[in-house]
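Would you mind keeping the following structure in view while I ask a few things?
Each chain gets a letter, A, B, C, D and E, in the order it is written, and its residues are counted from 1.
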């Protein structure tokens, strides 16, 4: 019983450790964080290596329609595609993908 | 904004149900309650009872067994109510897209208000999602 | 006291008590959060909660439930009114007891495992604290020469120096009623334990709000009863400070121990609480205090 | 005029009882019973208007009583010996034989040696005062209502048991003569008369418990017989000691007026009368017979074992309380009553059979009245009297409710009553109201508890003990009543289509009347106090207990306002029904972790997706607080108490 | 606050449990089947998501199994760093558990302190692996991210903060608090014999006095760092708590040791081809006990069979013998004391 007392007493009179997200004291993500994906369609040649390796089927490359469809709501942010892309067309942000009220796919065209 | 709407926005009580996720998102939901993130700042309480809850947080891709539970829980929540799909697998099935016993997303069972992508989601994303969901309450009439 | 005074105090009691109660609950949450190193909700959070609950669509699990919910609220308000009118303290506590029975019956009236269990636990909780609460009145009456609260006001000396044993017993009761660790047996603020939210499980929306409101009244009433121990002319501020101090100590206790089991609670309450009061009555009777 | 009244109150029911014995036709019997009850009710009210008066019938009646007394004892001897022969020796029949002899032989020796073949007289033979009028009202009104109820109940009962040849004539014979005997008992002043009526109630009790003639009923009847006969022995000895005292009297009034303080020799006869009272009220350690008596048809339980006969014991205690005021005996009685209250209330928690709960609660409440008698202040005695009234109403009601429920579900088990609030809303509602009337604030029973507490909180070590017993016991009563009420209420939120509750006029009528009495009397507590309780106090030589004003009861140390609480309760009942028209779509099933089979069914999905019915149950703590476990302590404690009783009456300490 | 759905059908008598039937299937997804449909390299990400708590150990065990089957030699540096992540997830798992356990007993402030300390570990994880809980850094043939000198310093620094926080808040309370002892000592007894007989694993087994820990087999870099299992002999809930608490400290030591002993070199080798025909079994010690991976290759890029036996599955029979006879209030405490994880039990 009394063994918790010092802790709570100290906490009571010191500043809470809470990071006041989204207002202030936000700890920025570490540099290696696997966040949002960006497709640089300038570089991409629709080789579809990423789509084949993606473990959760989040990328669909349609060579005929010349599109690359990416579904952030299916992606597990594993970075396999980033490593697989021969043309380094895919990059990862350190910010996570934002929540949304509708699930929308991103359709990218070179 | 009427005082009622304001109160609704200020006091969302959560019900969290794991529909077959991997625990990753579930522990992040819990982590959001703890000192570093402390979502009780926004009046959020994890209430564990559909009859008291305003917001249903669901993780996991839903399987054939727990879809019934999910629907029951949803129906037992009094209006106005919101549903948040937490994590990629709750949105679309994610990594489990080809598992034989998954349905691929909770919106196959109940209407969803906000989707949070991420595997696992970060507590910050959960906070964002709750904020977006509460925005919907401003239009609620009833 | 004049009639105007009386009417005034009733009105103030009925309106101000829940405000204080709600605020105390808010401060409770804030302080608890700080003790845990968190920021916690705003102090008026519980008012938001209450208004929100009132604004939810009603969802009912059987009609008797509603009767008992209303009964609970009304009876507690009656107890508060009786208190404000400085009526017989024993009667106030009896009414409180009736209110408790209503709460339990409301829970037991729904065939739901959690609600049933919660109801039975609440009942055991009442078994633990009711006798202490009622017995605590006896030494007060012995000292002041009667049960009406007026007597305490007219007594002219603070009661605490003589009745501190009783006071401690009442603190135990307060802890049980506030459902703080180690006594949060029948329901817990944080609703994820084995019985979800016990007696409250099947109430929702406005009806949950009614019960919540009644809890606020109850809290204030009990604190006020603790305050009676200091009522006397120049030290009146102690009668406000003491209950608040006690309340704060209970918050701390809540944060430094686990919940214990009901059998322990009943044993503890009866063993310690009743002996404290018995000792106090004895000592008063023998004229030592 | 007064002679006629007495004849109507005592003689008439005995007469109609005998008539019943000869009536085979159900309707005719019902008519006779109804007529008797009507007469009794009117008579009792006339008594109330008449006020107190003494009365001595012609001395021939002393002879009649004397002879009948021995007839009853001889009958006891006969049945016990017959049982000995038919069913072999058992503890119960042997004790019955011994105790019959033990009360009969000393009495005979005493009477024939001392009085020389003449019945001993006491002036006046009968004395009617407000205490006896209160009792008479209870007996006549509640007792009569129970008899009326029994008309229908016995029909159902016999149909259910497939009895070929109806036993109802005998049943109503005993029921009715019992009413007469009780009236005689409360009016008697001559100890011999009192003892006679006392034995007569024992006789009825024995015969009625035995009514169904099952082996268990017979055994329990004999148990009741010998246990009540302990009281008979007590009476015999009390008579002998009273006559041998310097007062040389058999008049109860004389004994009481003298009091044990002035004449310490009287302590022993008073203690013996207390013992008789304890046995009749089934106090620890001989509570067993009352529990066993629950095998009898429910109206019997209601009449004898709750609202009327067992009250004879506490009536006697309240009656003689002024006699032992200021002695250790008084303290003893208070502590004893408190202990019984606590112990039986705890025992009741573990009971799952409804009637046994009622029985324990009855014993407990009688203990409470005894406690009041022991505290022996005006306030306490007033509370004791009022408790007799309110307890009789509420408990009679509850027994009848239990009977009515039994006639629907054919079970007395509390667990089987789950959800009756949905199936039989009226009946269950009345039952719950009845329970609340035993339990919560504005109702009479609690008002008296309040008074008892205020009275008990006097100065002294013993009073500390008494209040603690009282409060702890009250805590326990809350548990078992609430639990039971909860079982009745417990039903799933969305039940299917329901059959409307069948209305049985004789049941519902009587029940509604009784619950109305409980409510109205509680609201009208001040007129009741002023009308009957205050005069009774004055007649017994006590001071004023309460003052009244604004329809509040005020004691020197407290105020009780009952009606405002009633207003609140009424509001709580009315507001939900006015404001909330529950629409079907607002109803929602209970939370079962989302595993409800479908909304509304109280089943959930469990192993291998099977539907599993939800089972809920009450809380009994059988292992810790069961009878087996507790009786190990309770019975020895009771015996120690009885030893102490004699110790303090034989060696009265200052 | 059990975060996962398991349904224990309890039969109660008053408040004493007389019968228990576990009802599962709420989480079953069919991961093992999906493991046969996916390319074997992608399975790493799948098995990580069998469970998000000891996700790294799943990945590690799977990778080592495949590597053994394909006879790939992993660079030693990779093995050391794998050990670090695996121990990090053990710390965060144990703290998570301790928090939930405290919460089940109504000790909210302890819960908060545990989770607060845990955030330090999660920060380390995010810093080194790029994600808070699902590291996704182990791949067939090694690891994807290195922990360089600078980062290792930072990790050491954070770990000493962590130790300080633990020493000041959590540990003294768990070791001394009388109310915690009241709720746990003597509750949920499991004797050494029963534990062996019923096949308990992990802290439950060690809490009953059996010194068995798969880390003794020396997979990853445990051989180099050295390892001694932590054992308590009382066999009750309290013993299990203490085992886990001591393991938290032990894991910290192991990480520091691994960081200092870590050789320079590559972090992965390129693995070409597909797993050959054949079977392989590999075991690893998860926070909850032994996990067993069975794989069967057939020369294609898909596996013939992927089979996982997880620790909670093994611990359910011991749980079912602990529960009967306890009070209802103790059910969550006892249930949590095996640290049940339904996600991997059902997969």
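Here is the rule we use: a residue touches a chain if its C-beta (ideal position, glycine included) is under 8 Å from a C-beta of that chain, and two chains touch if they have at least 3 such contacts.
If you're wondering where the values come from, they're calculated on a predicted model, not measured in any experiment.
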Sorted by contact pairs, first entry is C-D
Hey, which chain is the most central one here, using CA centres? C
Based on the averaged CA atom positions, which chain is farthest from subunit D? A
Expressed in whole Å, how far the mean CA point of subunit A lies from that of subunit C is 50
Measure off the straight-line distance from the CA centroid of subunit D to the CA centroid of subunit E, and report it in whole Å. 66
Whole-Å gap between the CA centroids of subunit C and subunit E: 44
Could you please state the distance in Å, as a whole number, between where the Cα atoms of subunit A are centred and where those of subunit E are centred? 26
Residues of subunit E touching 2+ other chains? 1, 5, 15, 38, 45-46, 49, 107, 109, 112-113, 116, 131, 134, 177, 179
What residues in subunit D touch two or more of the other chains? 588-589, 591, 593, 595, 619
Mind pulling the residue numbers of subunit C that touch at least two other chains? 33, 35-40, 57-59, 190, 192, 196, 201-202, 204, 255-257
Complex contacts: residues of subunit B adjacent to subunit C: 3-4, 6-8, 10-11, 13, 34-35, 38, 40-43, 45-49, 51-52, 54, 76, 78-80, 142
For subunit E, which residues are in contact with subunit B within the complex? 1, 3-5, 25-31, 33-34, 37-38, 45-46, 48-53, 55, 96, 99, 111-112, 115-116, 118-119, 122, 131-134, 341, 343
Contact set on subunit A toward subunit C in their complex: 1-5, 8-9, 11-12, 14, 16-18, 20
Can you list the residues on subunit C that touch subunit A in the complex? 31, 33-40, 252-253, 255-257
Subunit C partner, complex, touching residues on subunit D are 418-419, 421, 432, 436, 439-442, 446, 450, 453-454, 457, 459-461, 463-464, 467-468, 471-472, 474-476, 478-479, 482-483, 485-487, 489-493, 556-561, 564-565, 568-569, 571-573, 575-577, 580, 582, 586-592, 602, 614, 616, 618-619
